[in-house]
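Each chain carries a letter (A, B and C) given by its place in the written order, and its residues are counted from 1.
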């Protein structure tokens, strides 16, 4: 249960094509994250799978069945919305039981499942409250509870953590990952946050302007980005890009080097520059170094760097972690070439 | 947020505001007072404000006039009937415009509004003649139909602005949870929309209760609501101040109470959402 | 943001309302247009004949029409001036902190809920009556001759009555608009050295201009159709001195049974109202996009 295939799916709103023909296979039990900048079509793609939007052309298969024309209620999918979309006039218990009630399930079984879900999600004490009386994190859990009681073929998450504060977000991230481990159900998760994508996904789908830029495991994307867009989007702080003469020396239109793959020295190295702002995080230090003739470089140093604003430093890229790109942005694969 | 204001200034504002408030309210107050006077006291000079023999005889007399209760019930039936009928027609329409907006939705809404701008005299004759031919003159049914139609645009608009405030994601969540269209409407939309529907109902009962063009022109005796009934006091032989006051007080009291509850909705409803 | 299925359902749900309003607008309005080209009197059934624009000619050249047009404009204009100026001042007052705010608010709003026939009769008999009215009493108490308002200043009297009914509406809407004004804006302008008058002219008034426009337009629509107040107080008289277009059309059609002439007048009223409606609709339409 839970295999989803998109075949030549397109979506247009009026004349505006949001998603050009797109193929994608999501395997049973996989945790797939759609990631990309806002407006890249990731939410639209999720809504197409949910059935909340009609595809303009192409087919969507769920477990081998053509589901393109099937209304959302009959697709056997559960969705967690960005706003949680809880029913404000129903208690937590009724919210969670709602899909079961719609399925006309036996009330005793409804109760059993709601109780079980509440237990898993630490909501037992809140079952009789209204959503308005809950904190953001609790609401999020209710939304998840409402999704899991149905035992759906797959879960769809539409930026579920974006309304939570930073600390809670980390917690919920872990909880959702935990849930995936225990349920082993397919999950499709939409986010614009590459950290969420990297930490949770089995498979990441990077989208830009409705097009799939690359599909792969988090580490594949990190190590071998298919193009400059993916390279820049995955990883934090962002990869440094250098064009022009320096790049030409490496036989590329553009070269990219991640901040953590720069070696800092006060005596010698490839590029000579001046330290601008230094951000001390304790475990790491981020240095913003200005090098004549290049964009400022971000350099990540473990621990304390011992350099200060205005110091002259030398930076050298780690050769095996250097990425090279053609003028059209595609990566040059030196190892396979 | 509130600014600190000296008590002296506050006292001054209090006096001015109360004076103006009472002045504006005075005609109503005077009507209510007069309704408790005898006919002689009602036109006595100098007029008495509080120190007169309070009497309920006007109310008993108005109630005993066999027709008062009939007209009161006519008002109730016509205003409630037209409002409920209007809601039944408008709820589905407003629902679909708020949640399934199409390219034309805005045009449809504006067009509905434009029908409200049609001055009633523009269609007085045809409606009068049609009612005559269909035997609807001086019937409650006829008035319910007309008042439903003239208030339908306001009902649709008010509901639309309320429905617009219900997040669409909630309805999508219901759809994902396996709710069909009717289940969505019954279990999710309606409970969430009840406050808005109630306000709409309230405002439209008020508007229909006070409507005084069609009710005056399309009724004679049988179906006349209070607006028309009170108007009959304008003839010279009906000049009994105390009784007029008692009848008026009874006619405006229920709606005054409802109206005070619907202050906020009033603004939204009568400005078609342009001022909230 | 929806699927074909829900779109079809939506169309189905909207159609009763649309069809009913379409019927309500098209059928009677086209009948009015049709009648307006006929010589048609209810007292002479079976004598209808097509007479082209004659009814319009008669209606538009009738001195009563000019009187009615002037009265309509005076009535609308007079009530607007009173309610907008009064409403703005009242809104400013009610927006100040004072004891019993809620109660005063209720008192001020009350006239709006009084049915037109009641307020007209109360004013006519208990206040403006030259013998038994309160105004006459006060005049006598001051040694003045009581004034017969409805006989000697019928239009002005009606303007007062109607303005009393609509003042709450203007006040309520302007107050709502005033309360939505960002306090920090006012505080910023105060820091910038603006006094009360400056703040009112440069901050408050521009903020309220939209609400004022809405009040003007909506009241105009309703005020063009003032009817019950005139019927109950003066019957349009003396002569035509308090007849407005609405009342004129009513008198022509249902008192003189001249369907043709009344219809022509009705169409004229529709055209006049449409001129206002266009502006109002544009404003509301703009708001719909926001």
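Here, a residue touches a chain if its C-beta (ideal position, glycine included) is under 8 Å from a C-beta of that chain, and two chains touch if they have at least 3 such contacts.
Model, not experiment: these values are computed from the prediction.
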#### Entry: Central chain of the complex, centres being mean CA coordinates
B
### Message
Quick check: more C-beta contact pairs at B-C or at A-B?
### Response
B-C
### Task
Compare the CA centroid of subunit B with every other chain's and tell me the farthest one.
A
### Task
Averaged over CA atoms, how far is the centre of subunit A from the centre of subunit C? Could you give it in whole Å?
58
### Task
Starting from the mean Cα coordinates of subunit B and subunit C, work out the distance between those two points in Å.
16
### Task
Mind checking the centre-to-centre distance between subunit A and subunit B? Centres are C-alpha means, answer in whole Å.
54
### Residue numbers of subunit C (touch at least two other chains)
1-2
### Message
Touching at least two other chains at once: which residues of subunit A meet that condition?
### Response
52, 71
#### Entry: Complex interface listing, subunit B residues touching subunit A
167, 169-170, 172-180, 183, 187-188, 191-192
### Message
Going by the contact rule set out above, which residues of subunit B touch subunit C in the complex?
### Response
1-3, 5, 10-11, 13-14, 16-18, 20-22, 24-25, 27-28, 30-31, 34, 43, 45-47, 89-90, 92-93, 95-97, 99-102, 106, 108-130, 149, 152-153, 156, 168, 181, 206, 209-210, 212-213, 216-217, 226-228, 230-231, 233-234, 239, 241, 244-245, 248, 251-252, 255-256, 258-260, 263-264, 266-267, 270-276
### Task
Using the touch rule from the top, collect the residues of subunit A that touch subunit B in their complex.
50, 52, 71-74, 77-79, 81-83, 85-90, 98-99, 101-103, 146, 150, 156
### Query
Residues of subunit C touching subunit B in their complex?
1-2, 6-7, 9-11, 13-14, 16-18, 20-21, 24-25, 27-29, 31-32, 35, 90, 93-94, 96-101, 103-127, 132, 134, 137, 140-141, 164, 167-169, 172-173, 176-177, 180, 183, 210-211, 214, 218, 221, 224-225, 227-228, 231-233, 245-246, 249-250, 253-254, 259, 262-263, 265-267, 269-270, 272-274, 276-277, 280-281, 283-285, 287-289
